[in-house]
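What follows is a set of structures to go through.
You will see two complexes here that share chain A, one where it goes with chain B and one where it goes with chain C.
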Partner chain A sequence: MSKFAVLIQVNLKTILRDRILHAILGAVVVGLLLVPAISSFSMRQVQELAISLALSGISFFLLVMAILLGSSSIWRDVEQRHTTSVLTLPLSRTTYVLAKFAAIAIFLLGTGILLGICSIPLISVAAASYPSDQPILWGNLVVALCGDIAKSMLIAAMALLLSSISTSFYLPFFGSVVLYLCGSASQEVYEYVTGEFVRAMHPLVIVIIKSVYCLLPNLAAFNYKVQAVYALPIPFEQIAWSVGYGTLYVAMILVLAVLTFNRRVLG
Partner chain B sequence: MKGRLALVTLVLAYLCLLPGFIGQMKERPIEVKLGYQPHARVIRLVSGEFSPLVAEMSVVNLLFYYGTLVDKWQKNIIIRPEYMNMFRMLSTVSELDPYNQDAYYFAQAAFTWELGRVKEVNMLLERGMQFRTWDHWLPFYAGFNSAYFLKDYAAAAKYMQRSAELSGDTLRTKLASRYLYESSRTSMALSFLDGMIAREKNAAVIKTYQVRKEALQAVDTIEQAVLAYRQAKGGNPAQVSDLVASGLIKVLPRDPYGGEFYLDNDGRVRTTSQFANPDQR
Partner chain C sequence: MNPILIERISKSYKGKKGQRIQALSELTLEVKPGEILGVLGPNGAGKSTTIKILTGQIPPDSGTVEILGAMAGSMQARSAFGYLPENPAFYDFLTPREYLHLVGAAFAMSVDRIKSESDRVLALLDLQTDSDRPLRGFSKGMVQRLGLAQALLHDPDLFIWDEPMSGLDPMGRALVKGLMLELKRRGKTIFFSTHVTADVEAVCDRVAVIVGGRLQALNDVQEILADGIEGYQVQILNPSAELAARFSASEDNGVMTELYVSREALPGFLDLASRGGEDIRLIEPRRRNLEQFFLDIVSRNQR
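So, the complex of A and B:
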């Protein structure tokens, strides 16, 4: 087994042993079990609400996991001097950072798939209680779930980047929360300033907003919930653009994280 | 050991306290308020990917609120609904998630019969039709509203035609032509309500429909008797009691809204309740 694979394995074991994560996962599973009961409160879109609740619950869990795992990774290893011992081995800092991310990504992928599988019977039960006019397109649900997993990986990469320059929990945690909020709203703001109200704004402000829009992660690119909930068609092109954007953005962030960590002085 | 003993004591005390506490909580007056909702754009910015869920939970909140009001009305406790706030909330929901059918269906259920906000409801339904392109109920409702409330039969026929095309239901095409001729409006309303009740699952909304249906059935009975009176005597009865006196109706039907039926100058059946609960008149 390569050093990279061993390092991933070690990191993954550390993540899986974390009891706080167990507690959060347990809470999400209980929440998912309530999906059929809660969705029955809807007037006529019981099935739609069940899908929406299940996907939102999974997405929220993945988001919390990504932020917690990403923001508590590198700076804590530095603080507890784990890096000092690990990096004395014939391991590059690049391998160290990438293995950290890979372990988080594998965890997010695994739990995402697991929770997705758990939600299938729950959605089916809710849908059977009050059949909808629209069918359940399971393929759309898979796309939506993959979008949420990809989004959480991107957030984890950002948290990891902030963690690589930080000396405490606060910057990576709150920084990634702020970046998540900005990334979720960026498309909305962009559409607003490029819409009919654009005349009321100074052109310089619009240029600044558009530049910030390009810099911030566009998390709307990974949001396929509406298509999954209402069985709307998802063009393949749209998925391909999301995949391309996500891959490049995560790669850029990881390179930045590696460069930052390579320059960091370890005490 | 001391710690465990303390914990057990506290748990036991808690268990003893629970029944009384739950009873007291049940007795507490419920504040029947819908609350304030920020502008749709603000909610979209804050909720991001969770916008559809926020929209649906707002509708569920609205349904609970409306259900509480209907429950109070049945106990003769009249609380004036925050209709403007309710409608604003539904508009917000349709902006957050334009595919949300509950918002359109609830607007149809609560704002047409009771409040007469038919134009606003039809605007909301038009918005829904732009997104829910497969949904034949939205043009069906808009068509019904146009014909029954607005008496705009051209618009009604257009909506009904669209509904018929989407549903493949020939009955709707017939309805479209019937709207054009404005025939038998009360019985049309009754068949419309039957359709709504059959598809509804919210108890509070069903209850309001049933009351409305009962009122319309009463009107239909009187209308049929007026028609028979005209055919027999060549003119309109002076008052509804003439129908009972002439043996066309055994007993005058009751208005479930608490009003009394009468005939206007054209011989049309009216009620002093205006088909509304006392607080809504």
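So, the complex of A and C:
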């Protein structure tokens, strides 16, 4: 097995053996089990609410995991001096950083799929109790789930980048929360400043906002919940754009993380 | 080729209020093949900085370091030695066997070899019974022994150990000393730092003393011990009156007399004793030990 694969394995073991994560995962599973019961409170849109709750629950879990795992990754290894043991072995820092991300990404993908599979019978039960006029497009649900997984991977990459330069928990944790909030709102802000309502705004301010928009992650690009809930068609181009954008953005963040960590003095 | 070649390395750190703290100044040192070289020094002397530079954790400000011909910090150099960090810390969710698997994979060992070598080093360091238990339940001494095990796993020719006896009980210390001598017997080279002069005396061929970031002494341990001989304690059975008159007795129980003979007077004493047919039972050197040698250097540099 290659060095990269073994490092991924070690990081995955570290993630999977963390009891805090077990507790969070348990809480989310319990929440998902309550989806049919909670959905029944909505008399008209039980199916829609069940889909929305299931996807939101999974999305929230993935978000929490991405922030916790990404932000506690590298700085904690440095603080606990694991890097002294590992990075004096013939392993490159690039391999180390990429394996950290790969392990988190595999975990997010695995748990996302697992929770997605768990929610199929729950949504089916809720939908069967009060049949809706709209069909359940399972393909749309898969796309929405994949969008959430991709979004969580992007947030994990950002948290990892912040973790690679940080010496404590605060910057990567709060930094990634702030970036998540900004990334969630960036599309709306962009649409606002490019709309007709901002003629009074100084052109320089608009340029700055547009520049920041380009730098910040656009998390709206991964949001397919509406299409999943209301069985709306999803153009292939939109999916392709999300995949391309997500891949490029994550790749750029990882390159930055590798470059910064390679320059970091750990002694 | 010398396993370690350090040439004029200097290193400074940023201190408070922008001051520079000089950790190492123009340090030059060579470690010969097959020798055990111990680095002694007080706290803050620069021992750990030297080891961090050797293992590629930090770069020197100036100077060069070669590990078996490769630049320190390069992948080639890091493949060439087994490193034990000071107070090692490993992923505590892993078991020793899992950690050794990571180490073996890093050194591109085959799975079969990792398994057999893991068995070997775990047995050597007396960790077999705990080999499948997570490290988070390990004592400091057990973690230290795992640190040694992972340094031995790929059987390199060079070992760089930072305070290898730290945290070990007397049994563990004896185990490690025996291990070092066994490695030396197999032609391996060991470079290690320590505070404990007795450890150097027990296992080292040479000792380097670093004080204030500078190399203050680099000596053969046996020479230091030989040079440190101040005189001899001699036990003699019923000495003649002439001998007793010339050399002061430190103890006399009526049968066996113990005399102190200075280093300079020893030839004369032996001549006189052989002419008088004296019954010498024991001649034991009284010497300044390595600790005294080390303390002299430190105090000289603090003046």
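Basically, the second predicted complex is superposed on the first by the 267 of 267 C-alpha atoms of A that agree within 3 Å, B and C clash if a C-alpha of one lies under 4 Å from a C-alpha of the other, contacts with A are read in each partner's own complex, and residues count from 1 in each chain.
Simple rule for what comes next: a contact is a pair of C-beta atoms (placed from the backbone, for glycine too) under 8 Å apart; a residue touches a chain by one contact, two chains touch by 3 or more.
Keep in mind the model is a prediction, meaning the values are calculated, not measured.
Colleague: Per the contact definition in the header, classify A:Val265: touching chain B only (first), chain C only (second), both, or neither.
Modeller: Touch status of A:Val265: second partner only.
Colleague: Can A:Leu7 be said to touch chain B (first), chain C (second), both, or neither?
Modeller: A:Leu7 contacts chain C only, not chain B.
Colleague: Now for A:Phe41: first (chain B), second (chain C), both, or neither, which partner does it touch?
Modeller: In the superposition, A:Phe41 contacts chain B only.
Colleague: Pick one for A:Asp18: touches chain B only (first), chain C only (second), both, or neither.
Modeller: second
Colleague: Contacts for A:Val229 in the overlay, against chain B (first) and chain C (second): which applies, first, second, both or neither?
Modeller: A:Val229: touches chain B, not chain C.
Colleague: Determine, under the contact definition given at the top, whether A:Leu49 touches first (chain B), second (chain C), both, or neither.
Modeller: After superposing on A, A:Leu49 lies in contact with chain B but is clear of chain C.
Colleague: In the complex, go through chain B and note every residue touching chain A.
Modeller: Residue positions touching the partner: 41, 44-46, 48-50, 52-53, 56, 59-60, 63-64, 97, 99-102, 105-106, 134-135, 199-202, 205.
Colleague: Which residues, counting only chain C, touch chain A once they are in their complex?
Modeller: By the definition above, chain C touches chain A via 49, 52, 55-58, 75, 78-79, 83, 85, 87-91, 93-94, 98, 101-103, 105-108, 111, 134, 147, 150.
Colleague: Quick one: which bits of chain A touch chain C in the complex? Just the residue numbers, please.
Modeller: Residues of chain A touching chain C: 1-3, 6-7, 10, 13-14, 17-18, 80-82, 84-92, 265-267.
Colleague: Which bits of chain A are touching chain B when the two form their complex?
Modeller: 41-45, 48-49, 52-53, 56, 59-60, 130, 133-134, 151, 181, 184-185, 188-189, 192, 219-220, 223, 225-226, 229-230, 232
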